[in-house]
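Here come two complexes built around chain A, the first alongside chain B, the second alongside chain C.
And then the complex of A and B:
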């Protein structure tokens, strides 16, 4: 009797320990497997069908349903399905007309004229009028008489001086100073005039209609059958908040989630068999941002030394499984028109040179500093860990301090109390959006970059109405950033998405967007 | 009556202290909801304007007083992040948290009491070591790891439940409760181990006392002595311990709610702290504190019934 008893216990022990062992060995297996991962190519090209419901896993809850109050990139990529601007980005990175059917920019770059699309309707069935457009522009630009302070006014839109409807089809937007790129910001949502309930009951013109939102849990949208453009295939999409990666992996394996963006390399390898893994770009400028006003980074030689110490390919190999695009300055490669390729190989890893530069700067034995990283971005935390390792080779000791997003925003970003930080910067479809922050007086110049020549060229770049000139200026600006080693630019990280094998049509955009209208079930 | 008065005053004072400390904590930690909701493109003037609008610019004490006056009236304010009444947000999440707590407490009691009795009986046998091993394993295993393990075994391998099923108490209560058993196990296992250990040592202490010898010499069987005499006395300290466990079940469910992605109070609390959404945090802290104090109060009263000596003191 006793013997039997202990045998059962032994069996139970074996079971427990084997489970523990398999659970622990998971990671290693993945690391070796990622090399042969060529699943980018097996995008299903089968015929699309109408109908079906899909659950998309998202890592963070949305910050507001009101499109003019939302700031998180994770929110705007979802709201893209509900709201539309006068223009909207397409997959190639061009701006196409949406609520407006036509737009015109005056040759002096000071007046924008939009023509309202015929017969376009809001989700509540009402026709969109010029009043709605005027109201939406005013609300986004901070021009309403009674302004709600929680509405976020993009600095570029503060340039708008007047909005008026010239007839019942045309809206004219006038600017204080010429800006030919403002169109890239005109993607903000058009909402019904005077409608203040967008944060609980959104009404837009997009391919999906809002159904419900449960705080912290999910947001549900359904197909808009009266959409003016190409209608969505899916009947219903649920964006489900799954904050823990482990939980998301379990739910994917159980089939409760169909689409899950922002996979890590390990997760992608783990899901490879059950899901189609598609790879695109995150459309971010990821860098080790250095506070140019803090010691020792106020010394250009030190910043250059840091740039020479970093092996960017090794970072991508270790954090992103070798995917992603290396960058050399403050613009990511998705901006094909403005991206300055010559700068990519400006700083190649050179330990000797880095050490020599440090010695010249007066730090022959290196120094210590802290890298502050927002803890909610695992990718940046992982990157920082690799950087610490690489910097130790030139005798520089870096410590990582992970902070909550709220703390990062207030202390690091707004108050600029930091030495270095790893994050990614996203952008609207305007070249100026990424480069304006380095102007010495810009309020979002969180690295305290200060260069007279840069300021002058930037002013010219924004003002010029000649496209060719603009491109040249923007490339010059990137060159100044690189030559002055404003920060150690690393890469545009890869965006890996797990997709249910029955789904097709998932498209990547050069901006932060999850376009569900193009997704369909294959036959 | 005097006793009740005294207890009530302590209750109020404790709640005041706890909520005030939470309020202060929000002053100290960096970041506020104004900076958060305006994001990376805000000018200092815009942030200042929003702070003004949200009432951040008033002194802490004034804000605490305002909050307190509303809270007493049952109005916990509006969530800064969701723009919804806090009361409603909490009400939506109560079914999950309460079901989880009740199930885990039930599981703990149902498992721990028999286990405690059975394992004391097997004293000095070889099984003793094995019991000890499992008790220590149970206490050492963190609920989040257990949660992952349970999902892996029962959800993905055996497929007894589907992780991530959409749940609604009002629409499908039986499915809801069935699903909640798994997270409840994750919460309960460490508590079962702790309570078993506690009950064991309590029974052992009782077994060495004179009255047990008397009971045996009167001709009582093992069974008779255990259930008639020992257990009744051994359970008294366990009840105190039980009150502590109730508080811990809530703490444990905060973690387990994350692992199982359950829309409960714990998850709301964690998200709200990240968002610096202090009306929500205040309300939940108040709620948990009140619950813990109330449980202790009930235990105190229970004591008087079980052990008349307590009252005499």
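And then the complex of A and C:
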């Protein structure tokens, strides 16, 4: 008996070692990396056809079907297909009229006037009225008589003081203080007045109608044949929740998912034979955010030293296959209008200078600190690992602490109990959105940036109605952030999407949107 | 009985090999296990990097050596906590019986009835994540099994004549427990130590795999497996090195204690 046993074990060992050997020899060809992003040109030549169903893989379940209660970016990018606001973003980042057919902003920046689009209908067939608009604005701005604490009121919308319908076509929104950029927030959904079942049976005006939602599984939408604008090509779209990237890869390989956004470089390389890989921008400001109120980062010299120690291109090379756009301040490059290009090369890697700055600041032998990273974002965790390596060159020892997303939000973001963190910030289509958080009194100023000049210029920037002035102010603000080394800004990461080869028309937006209305099957 | 069987010899060889490599890793690794190199990303095994490199261009062999060290330290400490506390509980309950037995063993049952990963998550949420904090978490999980094994042995032994004899000669309870009975439980205890060690290696791997154990960039076998997961297709050698190290370790210890 014993002998037999040992023979089996021996055989198993042999088998194991032979697997190992074949694995070693068979993969040389993988070293050559090809870029699979040149597919756009041949797609646009193919003709779109109507009909068909598509399955889109999404990484997290949606947090609410009620558009005024949902907070996750992953939710709003899906709800974009069901709901529309008075205005909505287009792929170039402009705001175009949606439920409103016309909008006007008074020169003092205190009154917004919207004209209702003729004949626009909700998914249940009812015409949209000014009452619906007034109700939706009030609900999003927290102005309803009956308060609902689960509605998330964006701080910019708290500025709205009054909403009224002046006639059956026109709605006037009045503000407490002038804000010329509120239009970027007017993308919140218009829902039927008094409708309470948005979180179970959503009704909107978008190009797709809601069909069903199974928590943790999927959300299904179908084509809205009465859509006011350009109707969708596809008949049905299923957003399938696939939380694990590995599962998603298997499903893609098996063909049960047609579109999968947010691929890593290696996943893209793996899929490029079977799928079209399209590359866009994430529209994030990714940075090593430094808590300006925590030692030693309360010392500007230390922050500058950190900036000089980081090789941003090397970060992109390692985590993003060299794709992505380097940034130098608090605005990402997709915001072409406001993006201050001059700052991109303000801090170039200079180990000597970084060491000298550290010595001046009183840390000639470096120091130790902790980088808190949300563990669900592998991209940021990877970036942090590279930063640890780069910082060690100037004698600074960084330790990584991975935390759950919820813990990150409560302890790092809200309570500001951290030294440094790697994360990406997204934005609405308003220049102020990314920059307002550095105002010393802002409640989302999680890096505790405190600069008088900044506060003054920001106030001027928001108040002015002159677009040119506004742009100049915003570029100045970015310069202050960079000169003060508010944080070590890294890059806008690349966004890679796997697309079934039969599909075309996928478009990238400068905000979080998965626009399925533009997607079609080619002949 | 004293002579090693063929399987035990293979097990011994495997264990010695793994332990040897790990010991070397304490003092020497071919490269700095955390040093990144953008020029040598995802390299297949070759002469400079016998196990290849990972997605940051780090040498996998060096990381396996360093990671095995971390994993084994955690596993040994875990088993140590589990075995010492578990044995004491088992000895006391098994020897005295009665109310103490009932109370301690029911508590033991409660701990054992909670799924181990869940219990570890609970401990981690109180202590926070970290290399050495999961030792405590895993250690607690390992107590019940050791307590059970020891207890049943003590229950059997305490009725034997040599115990009664020692009692009549006036030996104290402590003396009987630790000097008379304990040595006789060793044949049972040693294999469960080895099995426990195996389980601890796997437990560390799964905890780090879940991101609760060793923090990046420090390697551990589980951590490496978790990272390698997304490169299964493009760089399969990445998961093979830590994977085989775990397989061979567990196999080695299992064979060694097999009778």
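To be clear about the criterion, the second predicted complex is superposed on the first by the 480 of 523 C-alpha atoms of A that agree within 3 Å, B and C clash if a C-alpha of one lies under 4 Å from a C-alpha of the other, contacts with A are read in each partner's own complex, and residues count from 1 in each chain.
Here is the rule we use: contacts are C-beta pairs under 8 Å (C-beta built on N, C-alpha and C of every residue); 3 or more make two chains touch, one makes a residue touch a chain.
Keep in mind the model is a prediction, meaning the values are calculated, not measured.
Residue contacts after overlaying the shared chain place A:389 against chain C, while chain B stays out of touching range. Within the superposed three-chain model, A:127 lies out of touch with both chain B and chain C [touch as defined at top]. Contacts of A:409 after superposition: chain B is touched, whereas chain C is not reached.
In the superposition on chain A, no contact is made by A:201 with either chain B or chain C. Judged by the touch definition given at the top, the superposed model places A:381 against chain C, while chain B stays out of reach.
Of the two partner chains placed by the overlay, chain B and chain C both lie in contact with A:246. Contact with chain B, but none with chain C, is seen for A:69 once the two complexes are overlaid on the shared chain. Once the two structures are overlaid, the count of chain A residues touched is higher for B than for its counterpart among chain B and chain C.
In the superposed pair of complexes, A:214 makes contact with chain B only, with no contact to chain C. Residue overlap on chain A between its contacts with chain B in one complex and with chain C in the other: 2, 5-6, 9, 23, 246, 403. Considering their complex, residues 5-7, 10, 34-36, 38, 41-45, 55-57, 129, 211, 215-217, 229-237, 240, 244, 247, 251, 255 of chain C touch chain A. By the touch criterion stated above, chain B contacts chain A in their complex at residues 29-33, 35-44, 46-47, 49-50, 52-53, 79, 81-84, 89, 92, 126-127, 130, 148-149, 151-153, 155-156, 162-165, 258-261, 263, 267-268, 271, 274-276. Residues of chain A touching chain B in their complex: 2, 5-6, 9, 19, 23, 61, 63-64, 69, 71-72, 148-150, 152-155, 199-200, 214-217, 240, 242-244, 246-247, 250-251, 253-257, 376, 403-411, 413-414, 443-444. Of all the residues in chain A, the ones that touch chain C in their complex are 2-3, 5-6, 9-10, 13, 16, 20, 23-24, 27-28, 30-31, 245-246, 249, 264, 266-267, 269-270, 314, 317-318, 375, 378, 381-382, 384-386, 388-389, 399-403.
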